[in-house]
Amino acid sequence: MDILNAIVVLSNFVLIPALAYGSQIALGALGITLIYSILRFAHFAHGDIMAFGTAFVILGTWGLQAMGVSFGPLPTALLALPLGIAVIILYLLLADRMVYRFYRKVKAKPMIFVMASLGVMFVTNGLTRLIMGPGERRFDDGERFVFSVREFREWSGLAEGLALRSSQVITVVVALIAMALLFWFLNRTKSGKSMRAYSDNEDLALLSGINPERVVIITWAIAGTLMVLAGTLYGLDKSYRPFTYFQLLLPFFAAAIVGGLGSPLGAIVGGYVIAFAEMGITYAWRRFFNHLLPDDWAPTTMLQIIPVDYKFAVTFAILVLVLIFRPTGIFRGKTL
Amino acid sequence: MTFAIRNIFLFGLMALALVFTGMYQSWPLALTIVNMALISAIMALGVNMQWGYAGIFNVGIMGFTAFGGLAAVLIAMPPVPDAWAAGGLGAIMGLMLGAATIFAAIIVYRKMAPGKLRGLSIALVIIVGYWITSMIYGPATHAISRVNPAVDGYLGGLGLPVILSWPLGGLMAAGLAFVVGKVALGLRSDYLAIATLGISEIVIAVLKFEVWLTRGVNNVSGIPRPVTRPVELQTREWVQALAERTGLSVSEMARVVELVSYAALFTIVLAILIWLAEKALNSPWGRMMRAIRDNEVAARAMGKDVTRRHLMIFILGSATCGLAGAMMVTLDGQLTPGSYEPLRFTFLIWVMVIVGGSGNNWGAVLGAFVIWFLWVQAEPAGRWFMDTITSGLGPDSDLRNHLMTQAAHTRLIMMGAALLLMLRFAPRGLIPER
Amino acid sequence: MSEHNLPPGDDVMLIGEAMTGGYGGGPDILHDCTIAVSKGEIAVIVGPNGAGKSTAMKAVFGMLSLRQGQVRLNGQDITALSPQARVRQGMGFVPQNNNIFPSMTVEENLEMGAFIRDDDYRATMDQVFTLFPILRDKRRQPAGELSGGQRQQVAVGRALMTRPSVLMLDAPTAGVSPIVMDELFDRIIEVARTGISILMVEQNARQALEIADKGYVLVQGRNRYTDTGQALLADPEVRKSFLGG
């Protein structure tokens, strides 16, 4: 029995990766939930716009690298973030002007907005592939590890190793900063409060002199920033491929719904719930229990509940359970 | 009557475009477009039943299509006796045990009073059931996948005529739709959308990774065909005579004959489906469905069981997509789980329905033809467009080369633009609902 | 018929004069209807269901287009202004339903009421808290968690944050208990004493007319009786037809 080794192996393969992955999902789900509570539709173009924005971060990174600029031990991509964010905000505002604003004016049903977002999704997807191609791209540079498995073993003297990749630390730190800023904005500034007011009660917000178009612009800007952050962090931590980003739509929506659609706090909690469940259920627990149990009790099978290939099934199962037993989500989002 | 004339005119234009394709590009190409358009039309009919009749937003079409496609393998491929001997029984029993576990959990949920005891019992049932299932299922499927993996590694099928897989594909998709619908229908429409999106990804994962059933990413190829192969056709005298009279080469003529036979089969299926769909739409049942779509609250107040009706139409529409899926695998002669992607198999079908005219069966068919034609022709068009705008850059330009290699993706932009323009300026589609 | 027997005086704060119109392109609901309130006065609109009470108030607030007639605030013609612009001109409006921001705290609700103000609104908020002491205690609670009567206080407080010269209330006591209703009416009298004119639609006609300086009885979108609240209460015909004897 060896609790320390068990904890180390669990941290290395489940806890730390899930923390990073959960932060990425949380950022995406926050965008989904904000758009849902202000514009009142399910934004299906989220994953593709995220891929599009990340494409510009990658181009910016390459440009900076070509100019010989680097960010020391940190990835150059962080320096290119403002470019991606600016492009995406402009792109979203353009899409709003050309597509969504019309449907707002005629007070179209939410499903029409969803259809329109499918159109935007197609266009964005085409643009991304035109620029980047459909293949996989890596753009991480700088220090790869805060400490590696070998360094950890030498330092701790344990049998199991633990690696902490810098992309994981960066993800968690950036995500926490972004979340803190978002909550500060929503709860402490006049503009943020006007967003919450608009989400709560549109008519009364109008009556109070809140300009809906301004609220919409702020919402797109925040959602765009979150998308580019989520996309860049995901790309640094794993890899960049437009199709993978499209597929992230499912965990994003699942996280937002599980947490309570329309609730920012719920989106964050939902993101971590999805990530930990996905990692925990697809992890082979044999090694963990090998350390905990006496030798003759050691498990003979992998103790993997389902294969990694079915990680979507985990997300889906959580989603279904929440939809059946608590349709408003953990934090009681709105049910429009 | 002006309506009918307009529709005939639109279909005529489409036919003309196909004829031009045949004359100026090639006849096999034109017929390939027709065949895939016919299958897409069937899928669009299925989506139209769900969205146009009942307002159900299903973005898991790909899942139902792919699942139906599996039927072609299960029906037509010859069985692999060694694999059956290695673990056929175990795999089937494992599946049944898994189903029994879920069933038992549901029964416990229904029969027991709410409370901690119920939660514990359900957990116990699932854990024990899962444990037993995996003890049997895991080794069996593993053994199957090790039987001559280069060619087999799966159970194979029943060795029956492939046409039988079409109704089976529909049935399989219907079964899947029943399960999904039971869970997700009655929820808000965007929740249903997310649920169907999820289920379609899971279906693809099953096809990709349940190697014992589908060979996974190794693909099942050489699925027996319902029509004669071009190689054999070339030796037939009437084909040779036809080739001589039309001025096509014999091999091309043989290919044309093959494609026409497929087209004939598909047209028969499509015609039957449209006939049924039109009849249903204009029956009291169809009127009720549309009444529910237009005012669910009122329909509920009138005592209609809306959720039940929705489940029914969800199953019918999904079955139609499953049928189309089996037809598509038949046409391709192979099941390639890796090739299913939602943009092409779910969202493009949506574009077809919206552009064609949701709520109108003929609209869905026309939409399928128009959009599939554009989808295919957009590739050379995109290349030509990129070639033209970058021609000033010279042949060594990196930008030009990059844009030329990615030019095919402009068709995605075109499809998005078509969807957005129709939605904005002609939201009722090319052939609006009557 | 006592129609127009109280001609608007010189100190009239808000008047919707000879209003005719309906929602969108629909049929007319109001026919030559006049509603006025003077400074510091409480005016109450009563009438049977479907008489156009709320419609008359919405017409005054600019929420439907008038085909004839005009609306003047403090002598200024505001007929062409949008509801939002009227708020800026000094009108406060408390809708009947959905009149608070449920997930926001009481304090934030009041802040949103003051959204159009760029100056320091803390003094106004203090006045609201003095008027509705319970809100001061619950200032950090989400408004959606309060009781029905407290929510109405939040709604009125929110509308007061712009320091309006006229406060319009659409059925403020709908769905609250009689005790809470009496308390709300007391508060409304207090608001009027600070010099704010009150225009209110009420279902509880008798109780409302008791505190009204002026009452308008509408029937089918037309003025039927107009008089002081006390006079209307004393009028046997009004009592018989509209106050249940």
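All chains are identified by letter, namely A, B and C, in their written order; residue positions are counted from 1 within each chain.
The criterion applied here is as follows: a residue touches a chain if its C-beta (ideal position, glycine included) is under 8 Å from a C-beta of that chain, and two chains touch if they have at least 3 such contacts.
Note that this is a predicted model, so its numbers are computed, not measured.
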What pair of chains has the most C-beta pairs in contact?
A-B
Of all chains present, which has the mean Cα position farthest from that of chain A?
C
Distance between the centres, which are taken as Cα means, of chain C and chain A, whole angstrom
47
Nearest whole angstrom, what separates the Cα centre of chain A from the Cα centre of chain B?
30
Distance-wise, how many Å sit between the C-alpha centres of chain B and chain C, to the nearest whole number?
59
Do you know which chain B residues sit against two or more other chains?
none
Interfacial residue positions of chain A with respect to chain B in the complex:
41-42, 44, 99, 102, 110-112, 114-116, 118-127, 129-131, 133-134, 243, 246-247, 249-250, 253-254, 257, 305, 307, 309-310, 312-313, 315-316, 319-320, 323-324, 327, 335-336
Chain B residues within the chain A interface of the complex
55, 57, 59, 130, 183-184, 187-191, 193-195, 197-199, 201-202, 205, 208-209, 341-343, 347, 350-351, 354, 402-403, 405-407, 409-417, 419-420, 423-424, 427
Residue ranges of chain C in contact with chain A within the complex:
83-84, 87-88, 93, 95, 98-104, 108, 111-113, 115-116, 158
Which stretch or stretches of chain A touch chain C in the complex?
190, 193-194, 196-197, 199-201, 203-210
